[in-house]
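Remarks on the structure that follows.
For reference, chains read A, B, C, D and E in written order, and residue numbers begin at 1 within each chain.
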């Protein structure tokens, strides 16, 4: 899980990335503490800056690709849910 | 291996995540010492908060998907066992 | 590479894990120094506690599955060799 | 995301790497702070030293391979975009 | 990228590892600084102790397997090039 802290603008890029929103994610613990370092993930759920999100890496991320062909997608991380709240 | 420390509520999410329990895992060593940082994993064995669990990442996690089609699943981590005890 | 430091007992687990030995591995450097944190790996070579082993993660681990179908296996780590010695 | 800080010259290498530009990437946060450690990635977008780039790991990297057959490609990281700017 | 610092001798191992040279790699930055911890990788290019090498993880490593069938290979890391020099 992470927090969306920004976005990336890239003109020169792989064809599979054209038209996709690339967000910067700061990984966090459930108490909001930051962990690791920022990563870039393709947004598939309309997440905005400041929101807490569920994001995944690897083939799972490509399975969320709107283009429908994970094998033509270069992305390795994707936002797949907006977190409403943490329960514990 | 990890300890279940909470769960995540998400309304806006990838279709493959609808109806799945998303738990927050704190990775641990066998002596209970916390390591790394919390992660979200889909529960497939009925794990509750406070339990020690075996969880896996990547394609192994999608192989545990109850839907049966790992290629439509975006999740990249899953709880696949409840740990009764550690032997050493 | 790592050292086998224990095992995990789990009754409630994914069907693909039934009958498999799940060992706790402490990753090490060649000089025996511990690194990172403990992990659980399925044993495929008869490794015992205290032995130094070669273990792998991801699809490589599932390729070692005795069941023969890596796509039904949830495990993401496996012991694939017992280390006799390190040369340098 | 990362910054291109150098390149690697290798004569003796896997056939799938012949003719490819192998760049050294220093991972960074959006504020330019260095994180983790340097990695080697195949360039697919004409990135030069000093540029900020989007790079991916694993099968996503092989999906960007110009040869068209990800299953013959050994590379595990690729530069897939040049970052024009970070928004936050 | 890394430096070859030793090798591993293993008699009892997965059949896919028979006859392969398993080297110990110390990951490094381009300035030779050691990072992370040692790893074991299958050598495919004739790398010797003390040499700087390009190595990859995951399916990319299995794509370099001389046996030709990545799906029967358990290895998750491979040396795929000898580094002549770093440019920056």
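Just so we're on the same page, contacts are C-beta pairs under 8 Å (C-beta built on N, C-alpha and C of every residue); 3 or more make two chains touch, one makes a residue touch a chain.
Keep in mind it's a predicted model, so treat the numbers as computed, not measured.
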Fitted rotation between chain C and its twin chain D in degrees, CA, nearest 5: 145
Rounded Å distance between chain B and chain C, as computed from the means of their C-alpha atoms: 19
Between chain D and chain B, distance of the C-alpha-averaged centres to the nearest whole Å: 31
Multi-partner residues of chain D (each touching 2 or more other chains): 36, 58-59, 61
Chain contact topology (line, ring, star, complete or other): ring
Order around the closed ring of chains, commencing at chain B, then chain C: B, C, E, D, A
Chain B-touching residues of chain C, taken from the complex the two chains share: 5-14, 16-17, 22, 24, 36-40, 49, 58-59, 61-62, 71-77
Chain A residues touching chain B - in the complex, by the definition given at the top: 1, 27, 29-30, 35-36, 44-46, 54, 56-61, 63-64, 70, 78, 80-88
